Amino acid sequence: MKTTTLSTTMLRAAGLMGLFVVVSVGLLVAVNSFTQPKIAEVERQVMLNTLNQVMPTRYYNNNLIEDMTWVTAPDALGTTQPMPIYRARLDGEPAGLVIETIAPDGYSGNIHLLMGVFADGRIAGVRVLSHRETPGLGDKIELRKDNWILSFNGRQLTKDNAHTWAVKRDRGDFEQFTGATITPRAVINAVKHTLDYVNLQGVRLYE
Amino acid sequence: MHNIYTSSPFAHNNSSVQKVMLQVQLAALPALVVHLLLFGYGIVIQWFLAVATALLVEYVMLKLRGRPLLPNMTDFSALITVTGLVFCIPPESPWWVVVLGSAFALIFGKHLYGGLGYNPFNPAMLGYAFLLLSFPAQMTQWTLPTELTGLHRPFWDTFQVIFFGLSTEPEIYTGATPLSLMRSGLHEGVSAVNVMMSPILGSGWFGLNAWAWVNIAFFIGGLYLLLTRTIRWQYPVGFLGALIITAWFFHTLNPDVYAPVSFHLLAGGTMLAAFFIITDPVSSSTTPYGRLIYAAGIGLLVYVIRNWGTFPDGIAFAILLMNIAVPLIDRYTQPRVVGHSR
Amino acid sequence: MSSLWQQKWQDYQDIAQKGLWNNNQALVALLGLCPLLAVTNNTVNGLGLGLATMAVLLTSNILVSLIRDHVPSEIRIPVFIAIIACAVTVIDMLMHAYFYTLHGILGIFIPLIVTNCAILARAEAFASKNPVDKSIVDALFIGIGFTLVLIVLGALRELIGNGTLFDQAWLLFGDVAQNWTIHLPDSYNPVMLAILPPGAFIALGLLIALKNLVDQKVKKTTLTAIPVEVKPTS
């Protein structure tokens, strides 16, 4: 008799657990089904906002996120991995590019950058996506901490001004940070190499 | 009648502690003189600032904790703490740097743990780590030696720089320390030998830079402490030994990427740590064998942090890390009592 | 009838005082310290995590209290865990959808609410033994107590370590909060240690010390005021 009671209790418990699991999973599926599209939309919006920081909306009218391709250029982009490149067009004509690039020689590891370049070779903007530089020294490359990263805006790279792409200590145009010279050097070099690559490739990147 | 509980060694007027502390101060004198000659008057102003802070903090904290002022304030331990700290900070850093650092060292490093004797960490190094993490920009810019810049700043000017931040040409006056230069040089692919020959590192009296001379002065003071038996030999021997062996090993492995032994011995806070900081009996191991392990551990960690860490000098972090390891070291190095097995 | 309500009111007050002060999950129980220490480098982050934790606590307390008579005790723990995990996942998804950037900053600590012992502890110690109304009050005040500590800790650390207050408030409150940030004057040099991990431990230690100090003072005054009979500590 006792075994029956035990098995009934066990069965009842198992059934109840099962019921809970089913209800929980059902709830999760329901919530997921209506948050999923919202998340995708916000994700897209956030990405577009990031891209627009380095490529203002008034300069293009195509779908920037969709008009994307991958490029592999280890010397210029600091990585052997293919990097995304977004093409901005105004009425179908090339307006500018947004490129992800990496400064591989930061003080502590890679510095991921996003940079926008107008079709005429001027820089539209540069932002740091992620980095591990020392807090208080190298992290002035973030726009939240310092305006330094804005000093790239509008710059071009030509044969004549290549030497000005350096910090002031190296007789260039850019401010350095007290206590951290490696970080700004790394960022400047990465932007310079990427810009050089973009200039060399020219319209090919829009195809 | 209140019972007064005291613990050994039942010395009534703290005279032995005072004597030791004064001897340590005396031994730091050569370094102070060299520092003064090479980096200007900054260190004197910083020292007075630190001592004033220490007196104030000790007074307030002892009052708050309800402890008697007299034996606690005259044991000179706070003086040693802030003196150690003063030698670590850039001589012309703003006044609040040394004030905050001294206050943090004494409040968080000593009093909150229950006062002298109960602190697991070396207070001076805790204060320095606090400053380095909190104000990295101020802490990594060192006043350049006067004979390098050719500018002997008068006392009054130094005073103004420290208190009001008035400086005419900061770019000329300050720069990176040899350790920072080595780090950034190696990072950018310059070989260690070439970094050693750069103007800041390679020039000075007899071809030794100012930082090296301060280290030599500390070494001389340290020898005095050793001879008078104020400090135990295990500390400097263990620390310098470990540092020399690791530095030699890596330098032999690849002289381009790893600086020579002499560089590590005469840069940063090496000698200050070896004879004045890690010898603090409160926060270090209490067994003879343990002291050797403790000191060697610091030497090894200093090398590791200098080469692969985020900050140029790893003295403070190395000491704090080994401070935490002290209970473990003590546990496994208890001398065997005669007639007992372990 | 009125005395019954009075009794209830008394109970609620009791629960509230325990949740906010006497049994504060962060300062007394020392539960949920990992997220507490990790995200409080900023007031808004602290508030965000606090609200998320409170929402989970509320859901789990209500559900556990509702089913408390229908679940055999052998399987109550797995059931509680299922409820908490489910609530955390739902809140994670909702925050992902509606507070996208904040969700990104709080990152792993939202899903990790599931491991916050405070929530399972309240389910087991309170909600499974009390009616729904009391469980709601308990969840609210435990949650508020925890959130307040997060806010104070975040504000303290942000003010000292960054020289600002309510920085990035728009992450939680939307575009109206764009200008809510309060900046200390430029001459203030932020003590960066405060927003680094050691600062979290030091600040929390100081808060706990402050609470103990207040308790001690209160105890002293009540002790001198009325001769209290010695109660056995339970």
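Per-chain numbering from 1; labels A, B and C assigned in written order.
Here, a contact is a pair of C-beta atoms (placed from the backbone, for glycine too) under 8 Å apart; a residue touches a chain by one contact, two chains touch by 3 or more.
Please read these numbers as outputs of a predicted model, since none were measured by experiment.
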*Across all chain pairs, which one has the most C-beta contacts?*
A-C
_On a CA-centroid basis, which chain has its centre farthest from subunit A's?_
B
*Let me have the rounded angstrom distance from the C-alpha centre of subunit A over to the C-alpha centre of subunit C, please.*
34
*Taking each chain's centre as its mean C-alpha position, how far apart are subunit A and subunit B in Å?*
42
*Just curious, how far off is subunit C from subunit B if you go by their C-alpha centres, in Å?*
41
_Sequence positions of subunit B contacting 2 or more other chains_ = 134-136
*Mark out which residues of subunit C touch at least two other chains, giving numbers and ranges.*
192, 196
*Please list all residues of subunit A that touch 2 or more other chains.*
135-136
*Provide the residue numbers of subunit C that touch subunit A in the complex, in ascending order.*
70-72, 74-75, 78-79, 82-83, 85-86, 89-90, 93-94, 96-98, 100-101, 192, 195-196
_Could you list, by residue number, the parts of subunit A that touch subunit C in their complex?_
9, 12-13, 16-17, 20-21, 24, 27-28, 31-32, 35, 38-39, 42-43, 46, 135-136
*subunit B-touching residues of subunit C, taken from the complex the two chains share*: 189-194, 196, 198, 202
*Spell out the part of subunit B that touches subunit C in their complex, as residue ranges.*
96, 100, 108, 130, 133-136, 138
*Contact residues on subunit A for subunit B in the complex?*
105, 107-108, 134-137, 177-179, 181-182, 185
